[in-house]
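I have a structure I would like to understand better, so I am pasting it below and will then ask my questions one at a time.
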Amino acid sequence: MPLRIGISTGGGDAPGLNAVIRAIVKYGVGQYHWQVVGIEDAFDGLLESPRRLQTLDLRSCKGILTLGGTILGTSNRGDPFAYPDPDGKVTDRSAELVSAIRDEGLEGLISIGGDGTQKIALRLMRDHDIPVVGVPKTIDNDLSATDVTFGFMSAVQAASDALDRLHTTAEAHDRVMILEVMGRDAGWIALQSGIAGGADCILIPEIPYDVNRLVDKIERRRSLRRYFTIIVVAEGAVPAGGEAGASPGPSPSRRLGGGRAGVAVAEALTERLHTDDIRVTVLGHLQRGGTPIAFDRVLATRLGVGAVDLAQEGRWGEIICLHHDRIVGLPIEEAVAVYRTVDPDGELVRAARAVGIEFGG
Amino acid sequence: MPLRIGISTGGGDAPGLNAVIRAIVKYGVGQYHWQVVGIEDAFDGLLESPRRLQTLDLRSCKGILTLGGTILGTSNRGDPFAYPDPDGKVTDRSAELVSAIRDEGLEGLISIGGDGTQKIALRLMRDHDIPVVGVPKTIDNDLSATDVTFGFMSAVQAASDALDRLHTTAEAHDRVMILEVMGRDAGWIALQSGIAGGADCILIPEIPYDVNRLVDKIERRRSLRRYFTIIVVAEGAVPAGGEAGASPGPSPSRRLGGGRAGVAVAEALTERLHTDDIRVTVLGHLQRGGTPIAFDRVLATRLGVGAVDLAQEGRWGEIICLHHDRIVGLPIEEAVAVYRTVDPDGELVRAARAVGIEFGG
Amino acid sequence: MPLRIGISTGGGDAPGLNAVIRAIVKYGVGQYHWQVVGIEDAFDGLLESPRRLQTLDLRSCKGILTLGGTILGTSNRGDPFAYPDPDGKVTDRSAELVSAIRDEGLEGLISIGGDGTQKIALRLMRDHDIPVVGVPKTIDNDLSATDVTFGFMSAVQAASDALDRLHTTAEAHDRVMILEVMGRDAGWIALQSGIAGGADCILIPEIPYDVNRLVDKIERRRSLRRYFTIIVVAEGAVPAGGEAGASPGPSPSRRLGGGRAGVAVAEALTERLHTDDIRVTVLGHLQRGGTPIAFDRVLATRLGVGAVDLAQEGRWGEIICLHHDRIVGLPIEEAVAVYRTVDPDGELVRAARAVGIEFGG
Amino acid sequence: MPLRIGISTGGGDAPGLNAVIRAIVKYGVGQYHWQVVGIEDAFDGLLESPRRLQTLDLRSCKGILTLGGTILGTSNRGDPFAYPDPDGKVTDRSAELVSAIRDEGLEGLISIGGDGTQKIALRLMRDHDIPVVGVPKTIDNDLSATDVTFGFMSAVQAASDALDRLHTTAEAHDRVMILEVMGRDAGWIALQSGIAGGADCILIPEIPYDVNRLVDKIERRRSLRRYFTIIVVAEGAVPAGGEAGASPGPSPSRRLGGGRAGVAVAEALTERLHTDDIRVTVLGHLQRGGTPIAFDRVLATRLGVGAVDLAQEGRWGEIICLHHDRIVGLPIEEAVAVYRTVDPDGELVRAARAVGIEFGG
């Protein structure tokens, strides 16, 4: 009997989500004759009344390979075990969710999402016997179980393109320009895009920075008649001994989709360089959106196919990963437990330092 | 006798500056055997000691057609008639500039810049008999003398690309997303990119907005099951009867290369929609940098060639313009006097309204 | 009573077709409550049995602004007055078409297409009293009635991007590289993309070329240590006194979506330069596809809105054009009669020559 | 004593070559105070008189990270052990090369190139005691010693972008469209870009194709009302039991930078489908040129840094590779001996089949 499977996408969007959905549908429906049900807005589509579900067939996949975002929508409220109602009160609605899953005849879930989403999936399986398979999604690439997550290289490409643009302006105006990119706990996007975009300084959460080292770098460049400097700052970068990013900031900064870390660097440099001409660009949502690059489309397709295989083989409780360029299933439990942050002494940071990039620490 | 001509680029950079320089050099040097001297950082290169000048020959043009920024650098200090020294005191250094021009044997200047730059050029000509030819540059496209300025369509393209990216995220997250683009006094970039990027609302300086109309638009969309809304805001957009953008804002906003107009809209919507989930992206310097699109490369080339013709024909005091797709020289005086803002009742706004775009007024 | 209107798209596709359709539907349906019927594959959808028609409402427009091609499909068979059946026999099926139009209750047609399509529309109106409004479409930009056609600048951008890519390879390998672009009778794409992409030579139908002038150009460049040369060739370019493009060529060339003009130049140069290392790239379908650039999305939107206005005002028999940046309706009859080719003595060719581009004549 | 090192780039260009050169110079010169000498046009710059060499210092690296091609130029003649003179006669000029290397005081060579180049390097080392370090370059990604080669993903991205463009045209015109990409012996570019670009069929050298299976695929799609089909063909793809690509073809095909494999498929399909409407696009040089994507810039930087480390540590005779995402040195001899072709039963082909892609075998 072909399976009847639900798919959901949880957490922030990442380029490639639709490519994963497409691969699951094309393979599951096309070859195993699954019935695939798309659950809208993470699990919200099963908790609301009326339920918001989409039957996903081969026609649903038309044109979505190249599409950013997710055709299923996503949700940041999300956790059915601690679900906020409109008044902000939090209740455990997992029992409702479980009965909705059963009521819809779903024999398994494929849950595409970050560690929060995967922990929910795991708990649904453990506490309520809902069969789940996971597909990891984190644009920050901070999951040690998988070599690289889909969407990450698209975000790096977007940040690198932004650096190419800022370069010409910085050079024309003899300016220090700061680009703030995503990365609250892991600096992968800043690190890779900074190398790719020819940044002069890269500030990441893993290496607290001393602003004096940035000042030195800027002045050394000036002495070589390089009057501009490009700094990439991960949103989680902090000064050594300080917590610039952690202090309660003014509201514009939040509205502006971040900016606190970049502004903190700008303020510190302004003070020391006695200039008022340092500018911060916050890449924000421009990193997440847009069509996935080819790399991510291929990766997302492989992961989607792998997820179908896991479900078809009854390997519930596993999450599909890329390990040494091979697609493998690992226990969700293991996969979500370990983060991968940038190793300050690792080869990639060393290569960046070798080409003259300053990390501020 | 071939001419010896100085070129300078003043004000903010715009994609196509290097294409103008290249055309002047290729034509002036290649066909009229001019000596061309690039003055670095607007007029600063003639005011500083030692002077910073570059001989521009055919080799200097290698690879610059595709390059954003300006190989000559630019300056925002700029006005030699009211030149700020490091202490902030302002002095008239025009006499110095004039003797430097004569000392360098420059028989004419081609001045590429906005209205501020052109007014300086004009004054150099009137008060000091320095022969000048102008090339208009304003990324805001707010000069009535010319159909369109180079760099403008590249900025529109950048903003439209950003909207494409924001679209998928807005849709995935059921969000109101605001993109702030350049345009202090004229809303051309917001208007054209908003139409091109499928925005739902466009706010421009020329049409003060009533936030209630935005709320209505958002709610009408929701009733049609369109749970996201994209708003493009020109940095000079203001609420009807108010001056949101004009009030002294918190420093992060300035550091962030703008954002005040976008944040004001976000705050106003937040209050009325009772949500905390509205995000602002400030495109900022990402609009100015990067390689010019083909349209701007062609336009910049035509203008550069036209400027050489003006100088060669001794038509000093003229600025090279595009009028009904023909290249013509006009008196600088006339050209810099008249701005072109968006006509709220014009065909372009009407077309935008026709496809359902709300202007808030 | 709201109108019931049919839309069709005829001839080769051009970036912006869907943006025109979207504007017509958003305005016609959204503001005048039209019923809009999309006819599939030009008029084929009305001639086949069962008919292939789509009701176009606001939902049909979701996501199509950015989409290349046409959601209605198109046809190259097309002419209902001389319609080829599968055996190649040609019959007049206009009477059938007219009764299908009446049978479907269509009170007017908006016909988006090139001169072939517009002539058919005109004949439907004259001979059969079918009310039609036209929207001009020619990627070659060879229609004198309108300043510029949608899709053209996207094609120029694609060709210019291709030249940027070829440049680096040509330079690395000291090579003559030839890019063949569209333009059977008019060289606009070659001319504009050649200027934008920094080509050394541009060959267009309007200026028959003498291959010796190309050889001279290549050798002059070599003497300046520029060992590579980039040549853009319109598919309709011909040698002076010859008809290289017109002779019956070998089949690969046709299969390859063109190439004859480019290959002819390569062969001629090979003979004279005694090298076997000249390469031709045929841009072909890569020029037509893909998302329209912002310029074309705005233009297409304005034209679509203008077409609705014409129909709503009963100005049947007119075609919507851009004239001196204003949207105007003109009699179809006048508009399709006059082609605009490149003026060999015009300002654009002169500007290209000024920056050193060789036309071969 | 700092080293004096020569760098050369050999074979076809690949996006990232300049990023490798930049990393070597920035690290070697900036941190080890090397003297770096760029040899122009592979080894030709040392064999010609006068020699063509460039001193590479930090200023030479300005702006080259984003630049396609190679600032050193390359050569396809290349082999100094069997060097063709202008008359086509081949002589061993290795002794001359070796004395030029010694004469210039080069204490080592870093040779960036494909297997041909590396074999020459190895022979210079073995036969003549010239210390060499290699950096692998093959846009085809067919070297088993390294996980992935720089430039490859940029080529995949270019091919995937081309497929996105062809898609809309194919769909608008109900057409079979064929894209021929690079890959004489290995189908990696076709495979990855085909998956990324949503191709319906992928033909690679490793899986000889039966055209009847393509016909079946096209007809199955038609029965599902999908009237267009996209086929990616590697230039080395051959029919089962046949040698379509190997037969002596007409000259246009060679001039057109390939096309034989794509045309062969088109001819075979034309015969069986009784249509004359199948089009081939040859991506050709558009795959090699242009700015490297971020992925390749990072990879190239890491490899350049690794090459400097090898030389600095005296590990001559090694080539720098990426193995399980770690940078390692391997004996050149081992590295060049083993090609990596697509495994017809491997996971990537299986994933492609899973989403419905037909390989024709």
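Things worth noting here:
Chains here go by letter, A, B, C and D, matching the order in which they are written, and residues are numbered from 1 within each.
The rule is simple: a contact is a pair of C-beta atoms (placed from the backbone, for glycine too) under 8 Å apart; a residue touches a chain by one contact, two chains touch by 3 or more.
Since this is a predicted model, take the numbers as computed values, not measurements.
Traced through touching neighbours, the fewest hops from subunit A to subunit D number 1. Taking each chain's centre as the mean of its CA atoms, B is the chain most distant from subunit D.
With centres defined as mean CA coordinates, subunit C is found 41 Å away from subunit A. With each centre defined as the average position of its C-alpha atoms, the distance from subunit B to subunit C rounds to 31 Å. Inter-chain centre distance (subunit A to subunit B, centres taken as mean C-alpha positions): 34 Å. Multi-chain contact residues of subunit B (touching two or more other chains): 67, 161, 164.
Subunit C contributes residues 9, 12-13, 17, 41, 67-70, 73-74, 76, 158, 161-162, 164-169, 171-174, 177, 249-253, 255-257, 259-260, 262-263, 266-267, 278-282, 284-286, 288-290 to its touches with subunit D in the complex. Across the complex, subunit A is touched by residues 22-23, 26-27, 30-31, 58, 65-66, 147, 153, 156-157, 159-161, 164, 192-193, 195-198, 224, 291, 293-295, 297-298, 301-302, 304-306, 308, 324-327, 347-348, 350-352, 354-356 of subunit D.
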